[in-house]
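Labels for the chains are A, B, C, D and E, by order of writing; each one numbers its residues from 1.
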Amino acid sequence: EGERYVLVSHAPDSDSWWNTIKNGIALAGEHVNVEVEYRNPPTGDIADMARIIEQAAASAPDGIITTLADFDVLKGPISDAVDQGIDVIIMNTGTPEQAREVGALMYVGQPEYDAGLAAGRRAKDEGVTKFLCVNHAIQQPTVGERCRGYADGLGIDLGDAMMDSGTDPAEIKNKVLAYLSANPDVDGILTLGPVSADPTIAALKENGMAGDIHFGTFDLGAEIVQAIKDGIINWGIDQQPFLQAYLPVVVLANYDRYGVLPGNNINSGPGFVTADGLEKVEQFAGEYR
Amino acid sequence: MNTRSTHEPIIQMRDIEKHFGSVIALAGVSVDVFPGECHCLLGDNGAGKSTFIKTMSGVHKPTHGEIVFEGKPMHFDDPRDAISAGIATVYQDLAMIPLMSVARNFFMGNEPIKRIAGIPFYDKDHADRVTMDEMREMGINLRGPDQAVGTLSGGERQTVAIARAVHFGAKVLILDEPTSALGVRQTSNVLATIDKVRKQNIAVVFITHNVRHALAVGDRFTVLNRGKTLGTAQRGQITPDELQDLMAGGQELAELEGSLGGTV
Amino acid sequence: MNTRSTHEPIIQMRDIEKHFGSVIALAGVSVDVFPGECHCLLGDNGAGKSTFIKTMSGVHKPTHGEIVFEGKPMHFDDPRDAISAGIATVYQDLAMIPLMSVARNFFMGNEPIKRIAGIPFYDKDHADRVTMDEMREMGINLRGPDQAVGTLSGGERQTVAIARAVHFGAKVLILDEPTSALGVRQTSNVLATIDKVRKQNIAVVFITHNVRHALAVGDRFTVLNRGKTLGTAQRGQITPDELQDLMAGGQELAELEGSLGGTV
Amino acid sequence: MSETAQVTDLSDERIKEMSALRRALIRPELGGMVGTVAVFTFFLLFAYDSGMFNAQGVLNWSIVSAQFMIIAVGACLLMIAGEFDLSVGSMIGFAGMMIAIFSVTLGWPTWLAIILSFAMCITIGAINGFIVIRTGLPSFIVTLASLFILRGFTIYFPQTIERKTIIGGIRDVAEGDWLAPIFGGKIGQPVFQWLGDVGVIDTFERGTRQGQPVVDGIPMLIVWAIVLVIFGHVLLTKTRFGNWIFAAGGDAQAARYVGVPVNRVKILMFMFTAFCATVFATCQVMEFGSAGADRGLLKEFEAIIAVVIGGALLTGGYGSVIGAALGALIFGVVQQGLFFAGVESSLFRVFLGVILLFAVILNTYIRRMITGER
Amino acid sequence: MSETAQVTDLSDERIKEMSALRRALIRPELGGMVGTVAVFTFFLLFAYDSGMFNAQGVLNWSIVSAQFMIIAVGACLLMIAGEFDLSVGSMIGFAGMMIAIFSVTLGWPTWLAIILSFAMCITIGAINGFIVIRTGLPSFIVTLASLFILRGFTIYFPQTIERKTIIGGIRDVAEGDWLAPIFGGKIGQPVFQWLGDVGVIDTFERGTRQGQPVVDGIPMLIVWAIVLVIFGHVLLTKTRFGNWIFAAGGDAQAARYVGVPVNRVKILMFMFTAFCATVFATCQVMEFGSAGADRGLLKEFEAIIAVVIGGALLTGGYGSVIGAALGALIFGVVQQGLFFAGVESSLFRVFLGVILLFAVILNTYIRRMITGER
């Protein structure tokens, strides 16, 4: 009772996707009656994140839940924490192998590259031949992996298909418009989250390609769900962030209390959300979905 | 000229004190200024001359003392109040804004207005025309009203500043060391301008270090020393040497005169 | 005093021209300066006085003409060269850095060095001591060597600047309008300092607008006008009025004298 | 007197005369104009057939430029008044978030939410100005502090209240509101429909909007940009207040001494900058229907860059709103044009830096010619 | 002469005397000292038992503060010399990326990669300085341009070469290199082992390092910070060159006239700032083994904030390296301390803004007392 767990993410303050994570740990904390904290580097600098993991370790919590946004950078601090006797669970980014290497109990999440690869394969089956990947966080290496995976899944070279879109919605929208008009043979779009997906939806509505062009996206949000319903987005890849946050807390609490631990890693995604069965998603998008 | 002093003073400064934190810049100074006279304010560096005229022109509020303007006690909250009452000041260095055109500088703070559809616009034509005329009158031939003040010489700038003050119907014109950076020719220019202004029955307060400049145009002379006034003298009642002595304090000057030949 | 002029000149400026883009600031000026004399440079605003001494002190390179220093032609690439040759200059406004202490200002560019383990450190003790001594000698009592220059008055700053130049063994001391912003007392102080310096057989080049200041200390007088020299006169060969006339150009002054009583 | 006049004439003879053509050309906006021409020439040559110059393409870079213009006008006037504001970006995020919280979370009418946000942001602008005036600190520091404070609250509020940092659904609650279309609507639809019908503009060939013109109206964003640029230009060059702005930035003390209410001018300019940032935020929120905590990141720099490219002096007292607008145009056209021209998008920053550098050097040269500065 | 002296004496009488204690207290660093005491008091009260003050916790905020110190020293000297550098953050990213590309992608020896990166960055610093000096443009603009240019290349290079924006594996290639440990190593291991053995420091409870102390040495990062602070402080206050730095920033023209080589001083300070940024980057790369395109984001502001909190004047000519170091300490302690105290992380920015504002107001007051400025 009353154990303390810290979740450390690599996301900058304003990244909206992580709200689901916050809500997930908060709910889990209530459910199993433990204290949970969320920490992140304000600008998304992974080197700063390493300091935060060290800081978390210094405050001697019962467990740390963290991402492996950059294995090289985070390997040291995480294995130090493990050796110090703190239980660690890796969530979100990273791979099960890397999680094992740093000594984490388990991995809950969706390896970025693999998710991209799965998306690419599916898009290939659906007839995509040339694509645009809208990257709103070009300086953050992890999300870019999704574009690489997608390209490999399609079996084509990434080339200049990854766009540095920035975060301003009007600029994203107009950059997408410009790109599509300069490259009329593009028949598939991949966005990496709500920040880039929402303006891209607006762009497609504006140039009349909505519903015409193949459109896949990562992560869900209110607008994305609506667009899936409207047939603008073919599918959203749901890595179910809620599970990535909720499960580790529950697992850690139960491990601390009763010594029980699932025997395997948990892949919370990639799950493809399509127009079928959207009510729940719609209701909780951005909050628990 | 002295007959003018029998008029009512246009501005009376009574027992003005001004403290800056722990610095006592003025320790009770009283001066009366009459219309149509040139009142010279003399004194050494740090005597408080600039501080004194800044209280007169609304930049500083006196810590203690009273300003009576045209018979009524006045409280200037900022320079605008003093300017609209008719007190125009040309400050030591800060007369003009170099990057702005002469015309815009000339009308700065008093821009002429032209209403189009009820909206007040800056009347550029009027401003340009007036500026060119006034400047020509002062003997400065501008390349155009849009010429930047930064391209004028120091004396020309002083002249523009004085012309500006006079143009806006000042009743009192305060000049803080207008000649200190000027050459002979430009100094004569400024002194001539002062003379001209005085003859329009405007009161001029003229600050200078230079006794000869003061004597050239002054009607009355007040010497400040370390924040106190050493009294006011009428023109003709005082010789240049007496004035010089008053400013510097006697002995020391004598000592110097020996070695330097009495020409300071 | 005039006997000194028979020596070899320490610095000869031969036919100096200086153009700034399309502006011709100096159109061929020649001046000789002798050790132990005070050479006054007079002239109206914009005559080119500052430009002239800046070519002498290495700030500007002359467009044309030659500088002969102690008999050898010199080419100063920047002020450091001139300073190390022995030409020290006190500029019009830019003598001191207000936020820095007096001692650091005094030694600026010539910091004393103390080697500890072979590493050259700034010798603060020495700098502080020398500064306090020199300042006391000049009649300025500092609160401490760490007092910021910003707290000194204008005259005090000029005095510090002159003391600094003399201290570093200048053979030629150039002063650009050191007295223009000063009161009587501080002016006397500066003039007395010039006199003292001259007696140490240092050549002084003294720029001023004020004929009386010039006559008080000058041995020879060169008048510049619109980038040209109007010739050099010896002390005693010229009256104040002649000098005044030379600076301003005659007629105009006469015109003014009429209305202002001849005391400009 | 004639004597003196002659002397001054002579003095002018020492300076070479300028030809009338040269004098007409040399204006603060010249750098911006040259830049604009250069940029358009470049893209006309290298991206002509990429769709950059058809109706859709033009609208595309116009919108992006309009966004920059809106904040550049505020930043320009403030810079001319001698200050600058690093909190513009955070203010954009904050304003949008406030509208979202008021209208979606609290359920207040959209017009009220918009008006309240304007009031709050303008107040914050005034506080920025007030602190700068009262403490005499450089505005760099003061607004750097508000950059952090505002961004902090923009993240903190929605997170504590709504448990998320993007609040959506504003379009739905704004349905039927009278004020919202002024920021999020379009004008001129009939004209564009007609242009589409007669074939001047392409029409959609497929999809849900088949037969409609590809450009169906001018977004209010562009209207706001034009209105603000005209307003700023007139205010600056044609009114008394404009003269005060120059004076306050040129030499605050000198201006104060001749009776210009410098403090009021500066505070008003801080408020105007905040107003422009809020216009930007409101247009964005109304167009996209959501407010995010990361909106407006780095916009303060982009505004300053546009203004500086447009010929304004960073230290105040000199500049032009038209120039700033041209700077924003250059900025927008280059940013979008690189996509049209197919240049690797991460090189945009490199281009931006290089353009900035060349623009300021050119502008410095022009300014020296105009003002005779040395 | 005694006469004159007396006069000056009198002149001083118009000013109230300061007590000796007060005079001893009033130094440029005072604001930083007061802030440091306040910050530590605060966290000792509110986060004492959170682990913030055990060996590991101390090391944690020490490292973060040391990082800030490294860039603050450079920024401080440059600011005192009258310029500032907004490209520090981009330079950090760029330097790290260059090391990664040279050593991993091109396979060159690590020492060569490090030295080459230093050479490149210092050259870029020199170019920044050179442009500022030659064009007379404000360094704000020039370094803003390099901010964008460098960041652009930092993203462009790895993306074109390696198709990703993060390059890892540097630790592996740096194995056995002679230069790498100077940036990525630790010192004092025996001492800490002993401390761990006697129980002063916690030891690891499991894993390969069981029995070793949790803090097993002082990272070179901290050593570099201390060395740079001492170097900067000595350079500034104890050498001739330090006097020139003050002079160059106080009034470049006046300094030039008395023979101070102002241009050289400024360019050297730009180079030193670049050097500090590269030290930061190299330490980071060597510790973490990878370089990312997002490294160093906003670090330029953090450096400036630390310096300003430490009492330096934004416009140059006044400041102290010790003050800047204290500013960095405050910054680091607050940033990490808020985590220890469990404060919502978005509020960090709010705190930062408020601290910045109070610090500069306090510092302005102190500076006025010291310099007699009005």
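By our rule, a contact is a pair of C-beta atoms (placed from the backbone, for glycine too) under 8 Å apart; a residue touches a chain by one contact, two chains touch by 3 or more.
This is a predicted model, so every value here is computed, not measured.
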For chain A and chain C, what is the smallest step count along a path of chains that touch one another?
2
Taking each chain's centre as the mean of its Cα atoms, which chain lies farthest from chain E?
B
Calculate how many whole Å lie between the centre of chain D and the centre of chain E, each centre taken as the average of the chain's C-alpha atoms.
34
Centroid distance [mean C-alpha coordinates] between chain D and chain C, Å:
50
Counting in whole Å, what is the centre-to-centre distance of chain A and chain D, each centre being its mean C-alpha position?
34
At which residue positions does chain E touch at least two other chains?
3-4, 7, 11, 155, 159, 346, 348-349
Identify all positions of chain B at which a residue touches two or more other chains, and write them in rising order.
46, 153, 185, 252
Where in chain A do residues touch at least two different other chains?
13, 138, 164
Of all residues in chain D, those that touch chain A in their complex
47, 50-52, 54, 56-57, 60-61, 63-64, 67, 93, 151, 154-155, 159, 163-166, 168-169, 204-210, 212, 214, 221, 284, 287-290, 292-297, 299, 335-336, 339-342, 344-346, 348
Residues of chain E touching chain C in their complex?
1, 3-5, 7-9, 11-12, 237-240, 242-244, 246-247, 250-251, 253-261, 313, 317-318, 370-373
Within their complex, state which residues of chain B touch chain D.
57, 59, 78-80, 83-84, 89, 91, 94-100, 104, 107-111, 113, 120-122, 124, 136-137, 139-141, 143, 147-148, 150-151, 153, 156, 164, 185, 189
State the interface residues of chain B toward chain C in the complex, per the touch definition above.
43-47, 153-155, 177, 180-188, 191-192, 195, 209-213, 215-217, 240, 244, 247-249, 252-253, 256, 259-261, 263-264
If you look only at chain D, which of its residues touch chain E in the complex?
131, 135-138, 140-142, 144-149, 151-153, 155-156, 159-160, 301, 304-305, 308, 314-315, 344, 346-354, 356-357, 360-361, 364
